[in-house]
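Shared chain: chain A. Partners: chain B in the first complex, chain C in the second.
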Partner chain A sequence: MSFFLSSTIDQAYHQLAQIEAELKAAMAGSKKIITREEWEKKLNDVKIKKEDMNKLVMNFLVTEGYVDAAEKFRKESGTEPDIDLATITDRMAVKKAVQCGNVEDAIEKVNDLNPEILDTNPQLFFHLQQQRLIELIRNGKVEEALEFAQEELAPRGEENQSFLEELERTVALLAFEDVSNCPVGELLDISQRLKTASEVNAAILTSQSHEKDPKLPSLLKMLIWAQNQLDEKAHYPRINDLSTARLEDPNV
Partner chain B sequence: MSSSTNITTTDNSNHRDPGLWFLEQSRLGSVPGPTDMDEDEESPTELNTINSSGGFLVVSPDKLSARYTNVNLHGHDVGVVQANKSAPVKRLVYYFEIYVKDAGTKGQISIGFTTDNFKMRRQPGWEVNSCGYHGDDGFLYHGQGKGEPFGPTYTSDDRVGGGINYASREFFFTKNGTVVGTVPKDMKGPLYPTIAVHSQNEEVQVNFGQQPFAFDLKEFEAQERMKQQMMIEKISLPTNVSHGIVRSYLLHYGYEDTLNSFDMASKSTVPPVYIAQENGFDEQDIMYALNQRNTLRQLVRNGEIDSALVKLREWYPQIVQDDKSATCFLLHCQKFIELVRVGALEEAVKYGRIELAKFFDLPVFEDIVQDCVALLAYERPQESSVGYLLEESQREVVADTVNAMILSTNPNLKDSNGFLHSYLERLLRQLTACSLERRSLSGDQGEAFHLHRVLNICKKARLGAS
Partner chain C sequence: MPTSTTAAGSNSDLVTRLNSPDAEVQLKALRELKNRIIGNRTKKLSFVKLGLVPAVAAILASKAQAQAQAQAQPQPDHDSNLLVQSAAVLGSFACGFDAGARAVLDAGACPNLFLLLSHPDDKVVDAGARSLRMIYQSNMAPKCDFLQDKNMEFLLSLLNSDNENVTGLGASIVIHSCETTAEKKALCHAGVLKKLISLLEGSPSQRDNSLESLATIMKSNVEAVSEFVGCESGRALSSVIELTKDRYPRTRFLASMCLIAVRNTSSCYLQDIGIKTKLVHLLLELHEDPGQVGDEAPFAFSSLISHKVDLQKLALEANAIDKLYNHLQKNRLNPKRFQGILLALADLCSKLESCRSRFLSLQALNLVSEALTHDSSDVRTAACICLRCVSRSIKNLCAGNFMNEMIVPPLVRLLDDPSTSVQVAALCAVGNIIVDFTTDRSLFLQCGGVKQLVQLSKSMDSTLRLNALWALRNLMCLADYMCKLGTFMELTASSLASLICDPEPFVQEQALALIRNLVDGCMESVELVFAEDDIILDAVGRQLQCVSRDEIWIQGLYVLSNVASGNEFHKEAVMHQLVPQADNGAQSFILKFLQSNESQLRIAAVWTIINLTFPSSPSACSRFVKLHNAGIVSQVKSMVNDPCPDVKLRVRTALGQFTTLNDGAT
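So, the complex of A and B:
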């Protein structure tokens, strides 16, 4: 009797386990389930060369303009930068000049670097001139600002409708005594300087046949994308927080 | 005897010597492009003369052109021929081209893709599981007798191409270098590039890539990658996350001088970058012994292995206690390599006998120790097959091993495996594994992510542009 009972209990357990497995599979749809152990094996099988990671880091330092760090990194890791480090200093000087509002100085520096950059990039040149106008207005030099707008910017606006609109928007700053409350007040914001600075930075990099953005952020985006893509086909351990790179168990 | 001790150290993963992991890194150095495995896939090179519709067409001796020699009478005497291999799948795009040498009496030429069991007397596209772009009407046939208007007709002297875009899962066809159209690829299994001729004197030459294509395939691939990139660029990232990952990389590997310059510069940028715990970065594990790790890295990188060993014995005797550990092995190898580098061959032989001989019968070390000793055989070892050992990257591997072993001695280590891989490396491994897994769940089709390739593609593209 007792033997019979225990075997039915065993059977019941067995059935329960089966139902549970089926339920899990149904909940998971037809997706493949990859356990942490299996996934870690796959991660370990990936072959990544240290020197390639070093190149990636060097590319970040160089593109973002960390010239001293790039120089040190070359010494410490033996990684060759993919651009002449001296050109970073010049590029950063231009960027900084715009960030600090010294637009005239920036334009001169860009032209020293390579006059073709502004010649072949009318939009960039317009944005720099616009920034110059913004700085004149910021400093309360109304007369100078008006003269500059009429002589330098208006002729360019005639060539291009969007330039004209930008010019009008900028000149509108003069109409308000209290710019902090005016609808175009954002032009006076620090973010406008940063925008112009990064535009000129990108143009210089392009002129040096270097990509204007570092590769690392693209790869991080690619990781998010690749995980989303794989989500459609499988349950597997994900990295949800890039800053901890912690592998999290699949919730199946 | 010694091999049995070795089995216990490698098979018991709980007590596995973490330094062994770096032996793999060292081996990676010996392979020029360890991640370019995809290119090993076989591609079509010529026409398959065994499985062609014999009797209706004649394939030239070089197996790269076909001519219809009969007079066609009905729909079942098509001269059709497949490539000798199916189109490779582990890539972004496969593509081949034909040149119509002679459109014959009716110009009933077609180009397309068919499967293994295709009826070799029919035009590609007429049967299920096949598709073809036909010259006489410019129609696309896709598994039915009736075609659909698709592109222009083509005839003598035209160059026509057929391709598979694995990213968009489409077939595409070109005429004289321009894409004429695309059609969804709903066929499974190996697909063979296929051509057919069906009227007297029609003659077609095939180009499987041996000759330059009329179509700019590289540009097409670049455009495809760009499309994907544009989609990916829309994803937003937490502020300064790249900055934080770079910083943790510098910390992890003990690039202390770089780190200091990086931090200095970060403070003075507009706006300044603050990376701290608030962003979720946990740097406690990798702050450990930064200065000592940096000192040892410099010593190894300068080839001063004796000094490195002295420092290690003083600061971290537990790391160099076991003289048969992977760390000691790599350090001894490096010392040997440094002696070879400066031409002190006699001393190298002496050192090898004392310190390397004992690794010869240990399977995990055998191949590397043999490579090291092989350096002695060459007058110019740099140019030999074991020359990789003399490269900077080998010093870096040894420096990384020592660095990781020191990190592992941290008594407050939170992540027990964290000392092996930097955050950046973990993210890149995850990215690669996801991409490979997705491809394997998609019938092995498409291009997988490889860091090495991403770094090099851009370089090539840039060179091409300038």
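So, the complex of A and C:
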């Protein structure tokens, strides 16, 4: 990772502000041109600690749940994860269960992990139950689906108007012969499972006092934003392809 | 229904399995029960009714006590599992569900859950602490008496624990139990405040717990605030200020609560415009949060701006009224949030006319009017309070902007609301709206408003009587004779007389104030106090002699003063009250009022004398002689240099009249 990157977002802002200030001072109405040499010199002046970079990688692996990779990375780099790696395994098991459609199993696992999560998060609980209903409908268990909707979901709908609307939308699946072409067909889509799975994942992370999103993507977003700001003021070697982070020569 | 039979069947089966001698069977039953109740209030309720809580508590009790006796000897694995599962079940019953918390407490589970905190297995400690935290987050939980040393020691041991769930429990106990200043002081002395400050450096959840506990302890506790502000030369305060920028909305919210507690308790801290503006903007931004933070944000905002004109101005500049109004426009607001936003708007409009006019220019009154018929009584109450604050605008009252079909009929209906707090709030709003300086009050009368008010003035609840009389008093203010007569007929002289002698002094005061307005103005209206053999006037006279409260005397004297502005007959009746016929050496009570330290009372007394001695009235001279003989004239003369300019002015008028009468007599 050779691009302009700092371990904390605050530092990144700070450096950006500095560059901006320099640019403003240098600018006299027209865009400044910064050559590759100048730019690389500036980049080299920014000191980034290797440990900070490693922490960033570890944070990504842990948050996204790559437990084996995190373990290997810990051994190779000596970076300690900020969370017990065993909890990642539990969390991934929950996520995987939802992704495979075993929602009941996932709920039990979450409750074993920490009973507070679903008790204090009605929206997440509803979405899991809704997903369970979707799976019943997908498997053609109409009777069971209706009973489940009535027994488990209807009372939640009475407590919350928006739940009721979501419930109605889900039950509507039963009214169509060809569900894949019906207006609410997207509920049966695999993306619905992924959405629910990531919601559970985030809730578990929060309950473990861990941030629910990895830091890396927001830093990349910030890089794009910073480049867009700079574009208005200067021509400089830009990173266009984030996967290679190659500096492109400025085309003036 | 077939479903309910199967459900009931499996439920009673669950009871049997919980009572099974086989630990494996019990464990499976506990897990099943846990997975059925988590997140499901309906299930919690039905299982509480089935009596499952005592069965679970019994499992916990037997295993927890066995463990305590074994004193940290490792117990079989399934025993730990039973402890974890039973604690989790009990915690879930208590979570967000008062009836469940009640059942758990009644089953005597708390002492056994506390035993789990010293278990060698971390999982058991976690489960016990979580479960207790759920219980202490309910209003049902018993208060912990911090004034007892052993409780304080125990609390400190919780806060000093390495286990995050246990420190969280300590914080929950503080938040739940800390109420009186004595308790708050005891917590500071025991070092709880310092400990909580150190937890600000902990994990996100410890930080949040610490912020909430700190806010609780510092609220109305000057000592705690100065300890907190002085801690490590202000480092604690600056780290809380820093936390208002945290990435988690809940942390930002709790940090702002903490700062509001500091500000509201000690007005010498956090007064610079920067921090004030920051808090206003932060709280307005937190209204956007879709969850609990957004529900609580309006209440925190209210506590920030309530009674503080400077902050209300800042809020107006930050577009607070527009922003709150935008939230109010959203469909399906939950009742708590709806209530909070209405109350926040009420506070914003409580003092500044500029806020009220912004509010009214947005047509926000339409939404408030809709809220008057909301299902939730809290929302209806809040709508009335909002209406009351907005209707303090004299300009809009004069324009008759509240006396319309949109507001008055639903408001009058609320006078009959099943909830007393709604009725009281509605009465307060009515009280303002009927102070109508220009347009007529016919709409209010047509809606049956007067009938309702009169009925409430006879309520068993003294707050309702008070506010009903207050509203009637305002209704009578500058009203025409027909309106007065109608109201009087509805009220009747005898019940007015008994309200003058109400057991509650503040009701007496309002009743007298009502009569004062009733008899103000035309001659016919003065006649009203002579109905039913002067029953009202006699009651007023009695109150002036017997009661000893300045507020009551002031209103009573103005009644006499207004009556004394009537014809000869009226004036003589007042004389009769002032100067007792039988010369038994008793002093006239008006002397005591003329000598009072309360200038308002002296003014009212002098006014009465002025009205009685108005020189152009035929018997003024004879009344003057009587007043003179009673020592009243010389008392008034001695007041010529009264320290209060108003009194002095009135005394001079009286003295002028005395001279005229003297000249006429000689």
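Operating definition for what follows: the second predicted complex is superposed on the first by the 223 of 252 C-alpha atoms of A that agree within 3 Å, B and C clash if a C-alpha of one lies under 4 Å from a C-alpha of the other, contacts with A are read in each partner's own complex, and residues count from 1 in each chain.
Everything below uses one rule, namely that contacts are C-beta pairs under 8 Å (C-beta built on N, C-alpha and C of every residue); 3 or more make two chains touch, one makes a residue touch a chain.
Just so you know, these numbers come straight off a predicted model, no measurement behind them.
Chemist: Specify the outcome, clash or fit, for chain B and chain C once both structures are aligned onto chain A.
Modeler: Clash - chain B and chain C, as placed by superposing on chain A, overlap.
Chemist: Looking at A:Q150 after the superposition, I want to know if it touches chain B, chain C, both of them or none. Which is it: first, second, both, neither?
Modeler: A:Q150 sits against chain C, while chain B stays out of touch.
Chemist: Which partner does A:F125 contact after superposing on A: first (chain B), second (chain C), both, neither?
Modeler: A:F125: touches chain C, not chain B.
Chemist: Considering only touches as defined above, state whether A:L164 meets chain B (first), chain C (second), both or neither.
Modeler: A:L164 sits against neither chain B nor chain C.
Chemist: Just checking: does A:M222 make contact with chain B only, chain C only, both, or neither of them? Give me first, second, both or neither.
Modeler: The answer is first: A:M222 touches chain B but not chain C.
Chemist: Identify the partner contact of A:I107: answer first if only chain B is touched, second if only chain C is, both if each is, neither if none is.
Modeler: second
Chemist: By the touch definition at the top of the document, which applies to A:I239: first (chain B), second (chain C), both, or neither?
Modeler: Only chain B; A:I239 stays clear of chain C.
Chemist: Mind working out whether A:S209 is in touch with chain B, chain C, both or neither, as first, second, both or neither?
Modeler: both
Chemist: Can you tell me whether chain B or chain C touches more residues on chain A?
Modeler: The partner making contact with more of chain A's residues is B.
Chemist: Hey, what residues of chain A end up touching chain B and chain C alike?
Modeler: Comparing the two interfaces on chain A, one with chain B and one with chain C, the shared residues are 209, 211.
Chemist: Residues of chain A touching chain C in their complex?
Modeler: 107-108, 111, 114-116, 118-122, 125, 129, 147, 150-152, 155-156, 159, 161-162, 209, 211
Chemist: Residues of chain A touching chain B in their complex?
Modeler: Per the stated touch rule, the residues are 32, 34, 39, 42-43, 45-57, 59-61, 66-69, 71-73, 75-78, 82, 96, 99-100, 190, 194, 197, 209-211, 214-227, 229-230, 233-234, 236, 239, 241-245, 247.
Chemist: Which chain B residues qualify as touching chain A in the complex?
Modeler: The contact residues of chain B facing chain A are 25, 28-29, 34-35, 229, 231-233, 235, 237-238, 241-242, 244-246, 249-250, 253, 255-262, 264-265, 270-271, 279-282, 297-298, 301, 392-393, 395-397, 400, 422-438, 441-442, 449, 451-452, 454-455, 458-459, 462, 465-466.
Chemist: What does chain C use to touch chain A in their complex?
Modeler: Those residues of chain C that touch chain A are 3, 7, 31, 34-35, 38-42, 88, 91-92, 95-96, 130, 134, 164, 203-205, 247, 332.
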